[in-house]
Each structure stands twice: as C-alpha cells, then as structure tokens.
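After this come two complexes, each holding chain A, first together with chain B and then together with chain C.
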Partner chain A sequence: MRSADDTVGGRQAPTVSPARRKWRPYILSIPATVILIGILYPFVQGVGYTFLNYRATEGDVHFIGLGNYLQVFTDPLFWGSVRITLTFAIVATALETVLGVIIALLLNRSSLIGKIFEKVLILPLMIAPVIAGVIWKLMFNPQFGILNHIFNLGSTFDFLSEGRALWSIIMVDAWIYTPFVAILVLAGVRSLPKEPFEASAVDGAGWFYMFRRLMLPMMWPYILVAVIFRFMDCLKVFDIVYVLTQGGPGHATSTLQVNAYINSIINFNYSGGATYMFILWIIVYLTAQQLVKLLGRAQARAAGSEA
Partner chain B sequence: MARKEMMPGQKRFTAPAILGDVAILAWFVFSLFPIVWMVMLALKTPAEQTTTYFRFSPTLENFVTVLTARGTALTSVDFKAALVSSTINCLGAVVVSLVVGIPAAYAAGRWKFRGSDSLMFNLLSFRFAPELMVIVPLFVIYNGLGLFDTTFGMIWVLQLVTMPLVVWILRSYFEDLPEDLEQAALLDGYSRKRAFTMVALPLVRPGIAASALLAFIFAWNNYMFPLILTNSGSVTVAITKFLGGGGQAYYNLTAAAGVVGALPPLILALTIQRYLVQGLSFGAVKG
Partner chain C sequence: MNSPFTEPMSRRRILQGLGLAATAPLLAACVGPGQKSTNNGSNAVTGSFDWQKVKGTTIKILQTPHVYQQTYQPLFKEFTDLTGIQVVADLVPEADYYTKLNTELAGGSATHDAFMMGAYWVWQYGPPGWLEDLDPWINNTAATGSEFDYEDFFDGLRTSMKWDFKLGDAAGTGGTYALPWGFELNNIAYNKTVFDKKGIKPAETFDNLIQLAIDLTDRKNDQYGIAFRGSKSWATIHPGFMTQLSREGGKDYELKDGKLTAAMNSPVAVDFTKKWADLAKQAGPTSWTTYEYPNCTGDLGDGKAMMVYDADSATYPKNVKGASKIAGQIAWHQGPAGPGGSLATNLWTWCWGMNSKSKNKLAAWLFMQWAAGKDAMNKAVQSGAFADPVRQSVFNGTFKQTLGGFPGYLEAFEAQVPQAKVLFTPQTRFLETTEDWAVALQSIYGGSDAKSTLDALVTSNTNKVNS
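Our next item is the complex of A and B:
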C-alpha cells in the first residue's frame, strides 16, 4: 500500500529520481517538524528550570540539582495537590463514562426524543470550558444564584465551600464532558455488526446477557478511547477550576496545574511551577502508556469476538 | 439505528422504555438549563440581574454595553477588541496549521518513513501534555523577545492546539484514500504534485473543512494561553473580567459576553456535526 511509488516507479515519470522520491516524505514534513521543535524547545527548557532556582525575584540563578524535587516531595501541599488531582480525575472520568454510556445506549433506541436530543447533546461540549465555568459560578452564587433558589437552600448553602467545591467542580466537568463520552460511544455502538445480536436473539438470549457478553466487549475499545481522552484531560484540569475557585477555598481544589500556575505565573517561581509540571507530565506519560496498551488488547479482543 | 432489537426497553410503550425517556429527558434538562439561564440572564436589565425570576422584561441593552464597553466601570474590559484579536489569532493559527499540516499529514498517511511515527507521536503528546510545561518557559522567552501580547506570539503558541488536531485528523483521511486513484493519475503522466493537488486534495476536502473548523473552535475556546501570554487578547479572558475582581460584579454583562463568546463555536460545531466524532477522537473513532 504505502510503497506504491516503487511499484509504479519503473513506468512513470522518469524525471523523478529515486533519491528525490525517497526524500519526499521528509521534505513534506519539514515545516511541521520546525513548528514541533519550536514547541519542544521551551519544553526542554522547562525541564531545565526544574534543576535551577529560577524565580523572577532571584538575582543569582544557578544549578541546584534535585533541590526543587526534594522541596516538592517534602511539601504536604504537593501531596495534597496530587490527592486532589487524582480524586478529581478518577471520579470525574468514572462519572462521565458511566453517564455517557447510559446516554449513548438510550439515544441509540431511535425513539423520537432521542432523535431530537442527539442534535443538542454536544452544546455544552462546544462552549468554552471557561464560559461553562462562568455560567456555573453565577448559578452557584449563594445570594443571587438560581440553584439555591430552585432547591430552596437558603443563602448560607455554598456549592463552592471547602467541603463541597471539588464535588461541584466534578459536576461541572461532567456537565461539559459527558456528551464527549456519549457521542464517541454512540458512534461505536452504531458501527457494531448486526449479526451476532440477531443470532443470539434467535437463540433466545435476554438483553442483559447480550449486553454483558456481546455489546460490552465489542463496545469496550470505544469506551476506552473516551476514557483515555477524559482521564488525560482531567489530570491537567485548569480552566474550570481556575474560574470557579482559583484553587480555593484554602487549598481545597488546588489541582497540580492550578498550583503550578499560581507558583510560576502569580508568584514568579518558575522553577517551582516547572517542577510541579514535570512531575505531572511524567504521571500523564506513564498513565497514557498503560491505557494505550490496554486499548490495544481490547481492540484485539473485540476483533476476535466479532469474527 | 440498526441496534434497536437488543436494547433495553426497545418496545415503544413498555415501562423500561418510558423510564428510559424520563432518564434522557432529565439529562437534557440538566444539560440545557445552564445555557438557557445564561441567555435569560443576558437579556435581563441591570436592575434585574440579581433576581432569580423567570419572568422579566427582555432587553438587548447588555449586548450593546458589552460590545461598546460604555459603562463607566467597564472601560477596562474592551470586549470588542478581544473579539477582533481572538478572531485574527485563531484564523491565523488555523491557516498556519493547514499550510504546514497538510503536507505532513499526506506524507505520514501515504508513506511509512523513518521518523513518521515519532513525528506523529510527538504531535499527539502535545494534545495530552500539561500546557504549563511549555507555557512557563514560553512566558519567559516571550518577555525576552518582545512577543508577549502579540499576534505572532499567539499564533505560534496556538499551534500547540491546532497542529496536532489538523495533522492527526487529515492523516486518517489520507490513509483511507485508496492509493489507486493517485496511481492512475501518475500512470496518466501526472506528476506526484499534480496527482496530489488534482486528485487527493479535493477528495479529502471534507476532512480539511472539519479539522479546520474544529481547530478554530478549540483555539477560540482556549483560555490558558491568552491568560498567560497576552494582556486581554482573547474572548475567553475578557469574559472572566466582567465577573470583576473589585467587589462589583456584572452578572448580566458576564452572561451577555458569554453568549457572544459561545456563539461562534456552537454555530461551527453544528455545521460539522457529522465529522465531530472523528475529529474529537483524533481519528481514533470513525463517526
């Protein structure tokens, strides 16, 4: 497939030398590679920051080895941040996956309601997360917010209090991103082959048995793609947290990326922020590797169950 | 569509079917209420902005105020300027991504060459890398080079959002394109360049449109880059400023700005709904 140039090469366009043909993909990729390097360079520089004592207020910037890492790893604030980030990512991803799968299955029934709602399903997903955060911030307001009014909670109930803020943010995240899981899974469900289901229906299998034994294994790769995207994005959540609480009250919602922002941009501690980010990057990278491995296995198994 | 046989409660008027409809209805009330509320708030008069009533006298006053920044305390937020610079930055970023990304996507989709996988993987890793890892050093570099709060600076950094999207989506389109079509053109004596522009390119036009619009949406919705690398150069940053840091908040103006800022992505998203799944999953799931 990919080496068509070689097979046709003898017969076509003798003016194109083999060398030029060989280099063509590289030449075509040069501009993209240049941009790539332009982005990789700051990344590498950021990694370099983690070994310096680089602050805007520091006159003498020099190499301090693993000093930043030692400081971060002994800082209870960092571990609190890790705990908050993981809680957020795991709970939000799980919630969105379960709700998204349910919504996809319900919309797949091709009822009239499903057909109408499918069109508007993606609206929250396409609005900027910041705007979503702003809307919910207005609705959460204890004095003037609509939610306290509708649910008759009085003006002392605060959705963004220290104990509730993280859960409220998870709800906002689910509001935005459940449709993402739903449309991916829905596309997956619709692409499944029909025959196995008809065959087992003839054999008299109930829907739950079919769901458990046929549908779920075949849908699994699609669900996993959604989970990978959601979990990775949740680990680096920033926009909605920053708009809704700026990491507060106290440190109740200070996820790793919010913390790094406050560290490096607000407090000008570039090295401190970069250290947080590099650790987060390692977490994201390792998690991605495991999830992608899982996806490969699931795809192989689903292909097997289809055969 | 074809699946209705084995779904729970597939018959129209059974108890599970009704339960399913109630559940889906509940989700859509939850899903649409905040949007409806934002639109209502945007239409309320300043005097009504802190009320929670559903009945009010609608006015377009807030939109006028937001777009002309007339209010005395509001002159600090130039929403119109933010709209203009968001539009320029995002359009510029998408154009650069297309010009640079289409050849790379074609190369990666057509030929297996050494380094193609690592190029693609690195591009994808930008999609998942914590943005601050790049933005903090960029903040320092931009301040040094005088690129802070410039169009060039924003277009450059937005490549982080738009490039991976364009290249990954278009690669999957080029891969799906039967190579026979180009081969036929080559045998007819077309050069590879003409076979590409006359045969391959027109056939992936839907993919180009979808990836360009999606890239625009994500660039438009981006918050962190303009927050750190500009003063107020984006719609997303400007909207949060209406919430006000100095005591007084303008709920109705915030909502009006939110409606204006949300409209372009929503309109674009509805026009490419057919390609959305493939785009959102970077080609991993075909819609």
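Our next item is the complex of A and C:
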C-alpha cells in the first residue's frame, strides 16, 4: 500500500525501478562526458606527441622520452619567445587596463557624448582580429600607409622594423581590446551602490579621495576579471602577430604560439609544436590559477569580509 | 593485503581503466601517417592510349593564383572536350598555399588529385610517399600518348623533378615526382627609360650593382634602387640571393664524411650576406622584411623600384601593354657575373604533382599530360603572359615570336640557361632550414652581427638536416 509520501500535488508519483535509479547518474552524465572527451582527447593526444619524434614527413615515429623538452629548453629561440610573449602580455594588458578604466570612468558620466561613444566603442570588438591585423598592416605600410602620411614620417619610417614591430603589435592589440576592458569595467562601475559615495560627499570628501578609497577598491574585482581575460588571451596571442609580421623580422615577434604554429604546420614537426603548446598551457594554467586566487581575495575585500 | 585483481570495482577504478583504454588508441594514432605508398596507379592502365579512357570522371586540382594558372584557366574547357573529364580547380593564395597543401597531404587526404608545386617540394613530399612516382606513367604507352615527348622538356627541369631521397645525393637521381609546367630564371629587370635617360647600363659585377642601386635611390621622391624579396620565408633565399651567392662562390651545404655540413658561414657567404643586407637597407624598399615577389614587381611596374632581382617570368607580365605604369619600358639583364665570370642561376619550376592517395589517378595523369603538353602550352604562350615555357619546342617556336617588345629578355635567358639549375642541395628539411636562413638574413638586416648569426644558423641547420 502506498503512503501519503508517494503522492505529489495530489497525483501519484511515478515509480522508478531500482535498476533505472542505479543507472540514472551515469545516463545524466553522458552529455558532460562526451564534451569532456571532445576536449580531453586532443589534449591528451597532443601531450602524447611531446614524448614522440612525430614529424609528418618521416615514417619512423618512436618514443623519445623528454627529448623534445630538452631540445626546447636548451634552445635560445624558446627563451627569446618566452621573453617576447611575457613582454607582450604584460605591456598590452597593462595598457589596455589603464586605458579601459579611464574610458569607463569618462563614459560613466551620463552626457550625450558619453552615450554616443559607448556605442561606437564596441566597433573594434566587432572586427575579427585577423581583419584588424590586415587593415593595420596596410596602414603601417611606409610607401602608401596612412600613418606615415598623417605623421609626416616619409617613406623611410617602418612601424614593423625589428626594433618597433613588437610595440606596433601591442598598439594594434590595445586598439582592438581596450573597449573590452572599458565595457566590462563600465558595467561594474554602474553596479556600484550610490550610498557610500553620497555619504562621503556629505562628509566633504574630494573626488580623488572618493575614487581612491571607495570606487577603486569596490571596482577592483571587475578590473581583475578584465585583467584575467586579457592576460590569458595575450599569452596565447597568435592572429595579430602572424598577420602583421609572421613572428619577424628575424625573431623579433616570435611568440610561443607563433613558434608552435611554425613548428607544427609549416615545418611538419608535430611533436616540436605540441611541446611548445604544452609548455604554454602550463604557463597559462599556473598564471590563471594565481590570478583567480587574487580575484577571490579582491572580491572578499570589496565585500568587506577581509581587511 | 588486497590484490588489485580481487578488489571490487570502484568508480575511480572504472575511470582509471577508461583513461588507460582511451590512451592506447591515442598513442597508436600518433604513428598514423608518413607511410610510403608503393602502389603505383599506372600498373592498372593497359591497352592502347585513349584520351577518353575515363570519360565522365571529375577531378579536383589545387592551384594558387598565378599568371600560369590564369593563362590555363580558359583552356580547361578544351581539356574537357578532349577527354570528357571535368576539372574542378580550387584556388588558395600563395601565402597560404603550401600550408593548405602540407596539411592536406600529411593528413592522407585524397581531396585533390593533382596540384601545383615547386621542384623543392619533391624533397619534402616525396620521402613520405605523398607523391606518385611518374616514371611508370611516362613509360606506360597505354597511359601516355606518343606525342607527349618527355625529352622535349629542358634537361635541367627534368633533372630537378627527380631524387632518390638519399641525403647527399644530387637531384636527378631516383624517380620522377612532378611534371614541369612553367619555370623561371632569376635575373635583373630594370626601368629602361630611366637608365637610358641617365645614360647608364646594368651592372656587370656585384659591387657595381650595389653602387648603382644606391645611386638610383631617391627616398624623397619615393624611388629606390633595387627590389628583392625579404619576407620571413624560404622564398626570400631562392631567387636573387641564392643566384648571386652562387655566382660569388657560396654554397648552402657541403658533403663531408657522408654528412651534410651547412656552409652559410663560409667567408664568401658571410661577406656576401652582409653586403646583401646592406644593399636592402641602403637601396631597397623600407619595409623590406615583408617584401614578397608581388611587392617587388609591383614597385617596378609603378616606377618606384628602378631594378628588380627576381624571376624573369614574374617581371615579364609587367611589361605587357596596360599591365603597369611603365609597361613597355622594362628591359632585362642576366645580372652581375661572379668573380670567375660565373652566371650560375637558381631556377624555379612550377610543376604538377599527383596525389599518391588519389582515387582518379588516370584522369589526373591525363590532365597533367595535357597541361604540360605541346598543344596547350603553345596556346597559353600565344595569350602573351605565359613566360618561359618548359618545353624547348615551345620556347624556341611560339615563345620567341612573342618577345618583340622585351629587350634583353632572350639574351639574358640564353646567357643564363646553360648554367641554370636548382642550386640547393636536396634534403627533406629544405623549407624549415631555408626559412631559418631567411630569418638570419632579416636579423642581419636588423643589425645583428653577420658572422655570429650565420655561425648559429650553420650549427642549427647542420643538426637538422642530419637528424
């Protein structure tokens, strides 16, 4: 005989057989498992390649242990790439963050111009980075590029020369992604409570004091979210660099991703390319972990639970 | 103590088992491609030759937009009428062409039955078995028409299509892995109007070429002395650079004790490389490190570059009426001779390769045979833009008749062709090591010390080619 607990809303609850009850968790996890396998399969395969001497043009593929890692770590090109990648990631992220925060604060004032710029600001984000790279490459051209013409640099100033290429690429990255930071921070600024600001205004606090003591600590988690996104993305930069310089002149802009691509796709050295990619993954993973920890602390501080 | 075999199956152990099971096929998959193909398709073709043997077939070919491709495109209909075979041509821009082709062939794809390629690719695509050996096809009378006349191709071109895949062995040994289609000799094309106006003649030595290029440079008026390639690519090395380096006595590799030793740091090579990079800086285009051949020939055609050191067939179209600002004003010269009078010239061929995985090998072969055949080539040359046909009969006949308004072209060709061949040493890492060479050249252009940069390149390349 069924008890009252077996009825839901006056209706009879469906009976579930013990076998079905036992298998239900597994059945429910199938979609997640399929997606996980889709992600992990190529990842594990890629890691597997790093222990082989796998080149598309050579048939004798065999296990070489840590040979690829030894080769990479003893190659000055690798350390040069690490330096270039980190320089790019740090400078581009810092530039985009500072500019993005400034723009967000300016747009926060609800003037007509602010409202118009808010809409216009998103335009660079709507252009694929590869296309943006092609457009900037044309603008950088010393012979017919508009930049040399506007700044009256003549036909001998080369934005993509060995000494300037990295900084020019950072400039292009900042042009594309500063709006991303600005929009994220602007959303954060607009969600801040008004009361603390009103109270400090009544107490006679100045604008800069309020910004430093109130606004900045409260919007810090939003800034950090933007920094995490941008820094991770910058570490993996490929498209803009490849379109503008292909990692050149010489090795001046050879980031880790560009080297991985050249190894794998141009030189058929799948194991060499996979080794670069795996090392980059470790760097990105460890950096992300630290930044997320930092974000957690900032959120706690903004919520007032930590001094 | 519990034995692992008697423990009950926990969820963790199930996951461990699944993980190990998944790893096995992954590692097995690592050893997939790269197997040599031994099944030559010509064995299946018997009987008498007939263009209509596989009527109704459709083949896919891969091409890059190029004057040769554009000249042949309208002729495809004639091939279809002749054979009943439909041709679907996919075009990929040259900058991405080999990336596309590499990826496709490395993946064992049979999407494209035949494709345009350069002779150097025989060394890279041949050893893993991606290319069909064409010797059995050429020698099979059931597959090849009697009018094909393989000996009609210039000797240096036939040689450059062959290799036995043994390190240190020269081109010309082993099977034939491509059919020549069009070729190029590297020499100087110059703005004849400016030269005549100033009363100057092309330089006969490399040092004079440097001085002449500097003298012709006028940055204020956006005019510079000489254009040659400088991008981060193997293609920067093979035209003017390799040609002039060889004339000056330099080499890429030397065979010592059965091993290849890179020779890019020999005293001759260091001196030449330094001069070449300085020439680019003093009298070349400002953004030289991005320059590919269309930039060079474009600047010549626009009247910005006074000279171009590149393929004659690349500069040739700029002189065709209406094709450029200075059309009709370009002339050619064989370029500076080396100290001993050497006019060694690196040649480049566009040729046709057959995918060894193709499901339509006979149809693909009929297409290649037609494209490299006398009839189609004569028609392509008559269109006025197909320079340097690979067949002696077509070159000496139709092509020479079209050369009226191209001063110096034929003279330069005839002076160079006896010493023209592929000047690189065949080796399977050609693309990688030659791109590294271009990177070193860019670094020297950027201010790095030539000797130490080339020493590092030699160490790296010697290891790579012998590994």
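Throughout what follows, the second predicted complex is superposed on the first by the 274 of 307 C-alpha atoms of A that agree within 3 Å, B and C clash if a C-alpha of one lies under 4 Å from a C-alpha of the other, contacts with A are read in each partner's own complex, and residues count from 1 in each chain.
Definition applied: a contact is a pair of C-beta atoms (placed from the backbone, for glycine too) under 8 Å apart; a residue touches a chain by one contact, two chains touch by 3 or more.
Just so you know, these numbers come straight off a predicted model, no measurement behind them.
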| item | value |
| --- | --- |
| Partner chain(s) touched by A:G100 [first = chain B, second = chain C, both, neither] | neither |
| First, second, both or neither for A:A252, with chain B first and chain C second | second |
| First, second, both or neither for A:L192, with chain B first and chain C second | first |
| First, second, both or neither for A:P142, with chain B first and chain C second | second |
| Partner chain in contact with A:V284 - chain B first, chain C second, else both or neither | first |
| First (chain B), second (chain C), both or neither touched by A:Q45 | both |
| Contacts of A:R55 with chain B and chain C, given as first, second, both or neither | second |
| Intersection of the chain A residues that touch chain B with those that touch chain C | 45, 49, 137, 143, 265 |
| Residues of chain A that touch chain B when the two form their complex | 1-5, 8, 11-13, 16, 24-26, 28-29, 31-36, 38-40, 42-43, 45-47, 49, 99, 102-103, 105-111, 113-114, 117, 119-132, 134-139, 143-146, 149-150, 175, 178-180, 183-184, 187-192, 194, 197-198, 200-201, 207-208, 210-211, 214-215, 222, 225-226, 229, 232-233, 235-236, 238-239, 242-243, 256-257, 260-261, 264-265, 270, 273-274, 277-278, 280-281, 284-285, 288 |
| Contact footprint of chain A on chain C as seen in their complex | 22-23, 26-27, 29-31, 33-36, 99, 102-103, 106, 124-125, 127-128, 219-220, 222, 231-233, 285-287, 289-290, 299, 304, 428-429, 431-432, 435, 439-440, 442-443, 445-448 |
| Interfacial residue positions of chain A with respect to chain C in the complex | 37, 41, 44-45, 48-49, 52, 54-59, 61, 137, 140-143, 154-158, 160-163, 245-252, 262, 265-269 |
| Residues on chain B engaged by chain A in the complex (per definition of touch) | 1-10, 12, 17, 20-21, 23-25, 27-28, 30-32, 34-35, 37-38, 41, 49-52, 96, 99-101, 103-104, 106-108, 110-113, 115-116, 119, 122-123, 125-126, 128-141, 156, 159-160, 163, 167, 179, 182-183, 186-187, 189, 191-192, 217, 220-224, 228, 235-236, 239-240, 243, 251, 254-255, 258, 261-262, 265-266, 268-270, 273, 276-277, 280-281, 284-287 |
